[in-house]
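Here the chain labels run A, B, C and D in written order, and each chain numbers its own residues starting at 1.
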């Protein structure tokens, strides 16, 4: 709506705009080659730029290339040794992170548009006051998710090291060589080991892991910010309920603006949401299937349970944060239905119709809308698939006692 | 709505308020450490109190602790002997009852708020007359459910005793020792048997069993009371149909109030409903899977079929009672659609929109709403899961002829 | 609506009322102990009576008792020889037909009420003209379904006879004895064979088979008659579209009346529909599973494919006829949406709201509404269940070459 | 609406009517015995005729007969050698193409009606300008789909030839004989090989393959043309939003007309859509199951992966193009909700209600509507079925090392 109007600069950037509270999340991502934008720390959203010829873009390309190469090695391994269900995890992990990284570049290119829409909405909702706690919330969530992810990655490394000591047949190699051969079997069975290759592989792995977690975090934080706006409208509805038509007109227009913003954001997030859900669902299946595997060391057991628990928690968190928007967007209904008849007016009727007719929420490329009931459906589908996977029985490679040493 | 208004005491407590007809159910629960409230037998709802420092709260804590310890023993057994599908039943039973018991304390803390909302609604619906038969209905349902549950528990004890006589290798122990070792294998394989331990274990078991049945009963009774209010509105709609706008305004406002009450109650019941459905669904799967087990004594056969039948009946009963609210809340539509055009007014249109836009009902933390079609979906999902469980085949422990003697 | 008004006899019974066109279907059923009513051939619906003390009621009781005894024998066989999936078919067949026969008595008792509601609707819709072809349609459908059912039963008998000749070890018995021992193994393995027992068993079997087909036929015919009424309204809507408000008021009221009638009929049919769908779905699963069985004679192969094809066709027919009501009830929407604005009025808006808010159709005890998309869901569920059943593999009884001779 | 009005010829056929841009697609089909119509290249839609006595109709009959005979051979093979899951693909392929070819004749007979409705809509929407790029779009899509299909068929032929060289036991026959015996085992195991038979078989196969791809292409192109019309309305809505009631009336009527056209087209396409989806879903299951088969030559591997990828891509394309209509038809909602209150009028309210009440889209005989969420459901169902198929394990024919040589 009225996208061409030049927003009044003094009003458009209130003290805690979305841009300000969210920018540090993007800056954080840039350390790992995600969202290659310049000017994030500047107050004015018009300084936010995407530059094709820049180090950040190059770094993002490295992210993409890394995931691509790792994925290619995994597929190569399939071509050589046949499809193995427990190896499908890493493959899909790299392929989907490759897609995710590409999507983040596309998003970065369009980010200034998103910010413009957002600031228009913020300007129109000045009266509600800014969501002051949002910045702290963003920081806490980022810290929690990323710390947990770091712990998982450290366990992954620790697991590979322990495995090296556990299996005797690697005794001639140096310690780090053993680690890399065990952690990235699909790579170092094909090409020769050398330290600089190992560095690039490890970097690609770290960046992919961060991209994976960052995608989920990104969806959570955006959902959070959008839901908070609906929550503001609901709070205003609840506090001064009985009022003249002008009030309802305002409320309805604000509601429409936030709903419109959700749609704009959804259009840009669509691919990321689909990638995130597909990735999580697929990984859940693979991890559940891996529960049948015999774990040889305690570190492996801890790694398995921690990584599985983290995965489940993160998937649920993404869904619930995404569903929060839909939840909040339906809450005005209760208040609107209870307006006494003398204050009831066309505006209220329109708003009720709008809430009913056009469900608001983050969707996975419009294939599904994230709601609470969707979580239940997804869970039941994953369990169904899983029970069938489990019937293929544990993967037994003939002639190996501890399956992990034979890569 | 208008929560701060001090209700007129002479009107707020009509002869058969919800508080009065329901209080005995809560008192019954208190014998088993559920809903630790004081002042339930008093007429005035303001006397209902939750006290942190009180015997009842302490007893409720024992309930929680008991379920927790028993659950911990079950998990310990898994850690020692590996995961066994037929043992997953007791484990989830204790864990979910632990959650349930905690939830009941949370609910007890908020119970006075629920009662206040309820009495507000009752006050506004004085004209409809109180639901006189509700108290008797509550009593009958409580008696029926609890008697059936008692019979199940006695069969459980009887089964363990018979098993003791059936298996020869316990002949050196005393009769009660055999019972406890067979009934609670996860406990007395780990710690030494002694009478006082046995007492606490048996008490924890009885309390957990009651909590389990009480959760379902609680949901049924609450649903029943809420549905009865919608039924009153429907009855009034059917008897004096053709009337002026003021009548419709009244009806609509009453409907809104009951719908609002359902939402308030739903918010407080949410966790309990989720726990109840998850517990029942999981137990149904485990029990169906156990149908493959070879039953060695007639008592075991009777116990199995009785306990399974009771479980199915209770699950269906909870769902149908829960769905009753949704059913009744949609019934006004038929009358509203058939109002002759000369009496049709804004109020009727608003009510039709409200019924359509905001489905009313008890939900499982908003993941699902309990409706009749939900029962069908749940049944089909359970059957699907079950057919896949059954394909894992009966659990055969090598070297045992009668599987039950080897614990 | 206005149930107490005494309908004007000269108008209430137009030449082809539902009562008249449907009565012969009920008379047909009475030959097999279904719908024990008196006065069906009389024109006046007030002559239709249900008599407790009458031969027809007694015969209906024989129907119930027969299905009950046969079901009991089947269960007894399970108790003696263990649960066998391929024998679950006959058992559920008798148990569900027992329920069906009981339901038909309940329906017979309430039939006069249904007829009263129906004649009220017919009276109000006199202007539309009676559905003259309905009687012929009823007759054709009854003939087709019952002829196909007869063919199936003859194949069943022929199959049992052929089986007798195929298996040598029955050579000492007389031909009919062999038939009965092969056709009703659950009975004549338990009790001694004697001609009069065989007569009652065969009679019970024939009546149960008819009840089974009659249930589906009944639902089809009723659905057909109801859908035809909606079709009449749609036809009138399409022919004289552009008209004054009074026309829309009439149309809306007629629509409401038919919708109300559907609800009344649905309430009385609810149990029958549930039984029918459960029976068909269960039988489909069992029959698909039986496809794995080795068929020893050509007659058996023909019997199997014919009976399976008939079952599938009948299930689809019941669903499509049931869904027809829902289809027709939504059709006015297209016309209503295309009314030019100058003729648009409150009545049209109300009708649109009504069609949207209250879906009309035959439901299975409100657990599901019969629609076209329900057929798809049911098919997908049955296929899912079936694929899992098939994984249990064909039922092989050790020591038997042709599985059928060993009963 | 107003079907009898004779359209003004100078206006009814604007430069790029649907008839003109689509006719070449039909002409293309006629080379393969599909849509036997005369007068497709003429500008006037009244020249489009279906002739019973014509070469094109005869050719279409050959198409039907060919698919029928091939299907009969496949069924015959089942009857002789038993049901084999991997052979179910060709059978269903021919049977469904037989149905498809019949449907195309039915559609050809009704095509002039469809064109009439379409030109009425085009006439009424003259103001929007014609969709100039539609003809190019149709051409590109036809070329892409058909080239990919050609590549698949060439690979199929190449595969059969390579197989012939791979298997030694065919060395006595000539090269083309080997090809035909390997490519059409169900035919030439039953009847003797001779060149003229081979010609008819190959022709029938080519035509069936084209029919299969043409069905999907047809649905895509039609959906595309319909969605483009909704897109035009949406574009007009977005550009001149704030306007008087007359504008809204026009928009609403245009929307209604396109929605009506969709319904008319859907009625005629219904069977084709159902056939297409069933065919694709079934083939996907069979192809996924065939992934277990051991592929003996590289050509076979390439053929398998190419044909599988093409199948998946085509199925997704059909669904997404079909869902596009539904997507576009819901888009006006956003604009309509954001109309400022001063311009809000009855017309807008009606349009919102219409969009809500009557979902627009291509349906599979009303069993399902093609939407984006349907794609997700279909995918999840196919995966579920597939996982169960896979559990039956790979099809091993005893005594054969390379399964393909033994036909």
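We adopt the following convention: contacts are C-beta pairs under 8 Å (C-beta built on N, C-alpha and C of every residue); 3 or more make two chains touch, one makes a residue touch a chain.
Note that this is a predicted model, so its numbers are computed, not measured.
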| item | value |
| --- | --- |
| Angular offset of chain B relative to chain C [C-alpha, multiple of 5 degrees] | 90 |
| Interface sides of chain A and chain D: same vs different residues, half threshold | different |
| Centroid distance [mean C-alpha coordinates] between chain D and chain A, Å | 37 |
| Mean-CA-position distance for chain D and chain B (Å) | 52 |
| Residues within chain A bordering two or more other chains | 353, 356, 384, 388, 391 |
| Chain contact graph, described as a line, ring, star, complete graph or other shape | ring |
| Chain-chain contacts as defined at top | A-B, A-D, B-C, C-D |
| Touch list for chain C against partner chain B, complex | 1, 249, 256, 259-260, 263, 346-347, 350, 353-354, 356-358, 365-368, 381, 384-385, 388-389, 391-392 |
| Complex contact set, residues of chain C against chain D | 327, 333-334, 337-338, 341, 344, 349, 352, 355-356, 372-373, 375-376, 380, 383-384, 387-388, 390-391 |
